[in-house]
Amino acid sequence: MEKNRLEAFSDGVLAIIITIMVLEMKVPHGSDLEALKPVLPLFLSYVLSFVYLGIYWNNHHHLLKASGRVTGAIMWANLPLLFWLSLFPFVTGWIGENSFTSVPMALYGVVQLLAAIAYYILQKTIVAQQGRDSRLAASIGRDVKGKLSPVLYAIAMVLSFVRPWMAGCIYVLLH
Amino acid sequence: MEKNRLEAFSDGVLAIIITIMVLEMKVPHGSDLEALKPVLPLFLSYVLSFVYLGIYWNNHHHLLKASGRVTGAIMWANLPLLFWLSLFPFVTGWIGENSFTSVPMALYGVVQLLAAIAYYILQKTIVAQQGRDSRLAASIGRDVKGKLSPVLYAIAMVLSFVRPWMAGCIYVLLH
Amino acid sequence: MEKNRLEAFSDGVLAIIITIMVLEMKVPHGSDLEALKPVLPLFLSYVLSFVYLGIYWNNHHHLLKASGRVTGAIMWANLPLLFWLSLFPFVTGWIGENSFTSVPMALYGVVQLLAAIAYYILQKTIVAQQGRDSRLAASIGRDVKGKLSPVLYAIAMVLSFVRPWMAGCIYVLLH
Amino acid sequence: MEKNRLEAFSDGVLAIIITIMVLEMKVPHGSDLEALKPVLPLFLSYVLSFVYLGIYWNNHHHLLKASGRVTGAIMWANLPLLFWLSLFPFVTGWIGENSFTSVPMALYGVVQLLAAIAYYILQKTIVAQQGRDSRLAASIGRDVKGKLSPVLYAIAMVLSFVRPWMAGCIYVLLH
């Protein structure tokens, strides 16, 4: 019962984050295909972030379904995750507006990394409440991708300054 | 129980998409009726898309009510639908700002078509889980309009380049 | 059970409408009290519309609680109400930006009137489903204000062209 | 049961308020770190307000969980709280855009104070319905911080005009 509201609030924030990213794609003034050109990188960055947020929503859904009761600690651990995800529209707009150049790509990686860490902490908090022998703990123990991704985000951040497109590949592959 | 959250998230996204479209109607600076003139095509495009989204929400509502349990496949099939619907504010603003000219009208049709296909896949996914003999499968089998609409959207897209207003008629009739 | 989703969707739309109105109050560039001056009429128009929407939300809440089951007719009757309410941010911004002059004030009344009519139709639809002898039908029968307000909105619309501030008084009193 | 909708509506409004604050952080046009500089104070003001709203959401959650039934009085008492919280994006953007100078900092305190008072009234309304001997009444009686904060907000407002950074410290400490 109590879980409902934490889920509803997180869903609300995620739904708004997704739709706010669309606002970065400003309606062009011209009416030919040419006018759509400057929108293209913004569209690509939107697709990239939409998939990320879709995955976060899916994982968040499964995580909370597996959790028993919502404690104060879980409520607090959920807020940093929402905070970092709320910065997605900003960094998404920045990489889109600058056609995926170095500094914006690196900052995109920073926000991704911090969101991944926040998600990790939320996961730990829920496992701590469930006990280390629970089914949730076991399924997370096998989650190799979850453990590798922070390392890969860090590599992508460094790569952004040398070859931004290689960082882009990592972001796409980490989906 | 589990369905609640998928519905809530979809409702959230749809509710925000609808209200974000209103933001394209910029508050005019003048204070006479003349000042409202440039807003008129944006208002008409808003009405067109509002009705579409209202219908999508209604159908989505019935579809999920008919579905038994939410599987991972259904959760994934729901995301592309939300993605294409989230592009409605952009294309709605574009056709409104250019008073329903060719290229924007065609792009409007493209997004409509892709949303219709995404909805079709979601429907198939839910039917696959329910079994081909279920009541849902039967009611969809009789859905002639659902099968015709992709064809009509494709026709409307071609028509946009010759007679944009004829494409507009199809969009209105497909409601 | 089924009611949940109609309520959640309406709540979502209403919550977003309320918060989108705040976006019309652009953050001023100066940092003294003088800089707040142009925001003042927008703030007043925001207060006016916030109270209206708060009341609509409250009434909608009670109305749906009283209704038994959500039929297709009720779902359709709910959409026009949401449509007219979704125009509140636009007309609110317009009266605020023009300091409550004639034409914007009249348009504000038009949207209020249409929202009131849409609410009335929704009410009728729910009563029709419940039966004319239900408790809901009785309580609405005594609702004198609900019956008077369309007339008063019409008067306010006419007054807007002569004495905008008198229309404003009616809008405040109709709360 | 009845509580659900009040909670959902409040959650919706809070979720949107949080995400709308991000919109104040405009995507910079440059693509180097220099371009991020003007965004920094806006980011700091966003962090400050995000934490406030996170706390409000948490407290609101506990308060409503403790309340038994939602009466008309509670529904009305909830609206002013949402109203003052809805002004957060505006004052947050204002202090961020002016790098925490006097007048914006004072106005930030005013809105904080009014939100705190609205929350206090909501609390009183719920306690009144529960009875003075309830567990809720007891836990609130011990809430020293809740009683001190209005006084401290008032002090911060005065301090804003002398030493804005001291007001900032109070805002941070009151978290």
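As written, the chains take the letters A, B, C and D, and residue 1 is the first residue of each chain.
By our rule, a contact is a pair of C-beta atoms (placed from the backbone, for glycine too) under 8 Å apart; a residue touches a chain by one contact, two chains touch by 3 or more.
If you're wondering where the values come from, they're calculated on a predicted model, not measured in any experiment.
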Have a look at where chain A meets chain B and say same if over half of the interface residue numbers show up on both copies, different if under half do.
different
Looking at CA centres, what chain is most distant from chain D?
B
In angstrom, rounded to a whole number, how far apart do the mean CA points of chain A and chain C lie?
36
Where the CA atoms of chain A average out and where those of chain D average out, how many Å apart are those spots?
26
Per-residue multi-chain contacts in chain D, two or more chains
4, 8, 12, 16, 23
Quick one: which bits of chain A touch chain D in the complex? Just the residue numbers, please.
2, 4-5, 8-9, 12-13, 15-17, 20, 23-24, 72, 75-76, 79, 82-83, 86-87, 89-90, 93-94, 97-98, 101-104, 107
Listed in rising order, the residues of chain D that touch chain A in the complex are 4, 7-8, 11-12, 14-16, 18-19, 22-23, 25, 27-29, 31-33, 35-36, 47, 50, 54, 57-58, 61, 65
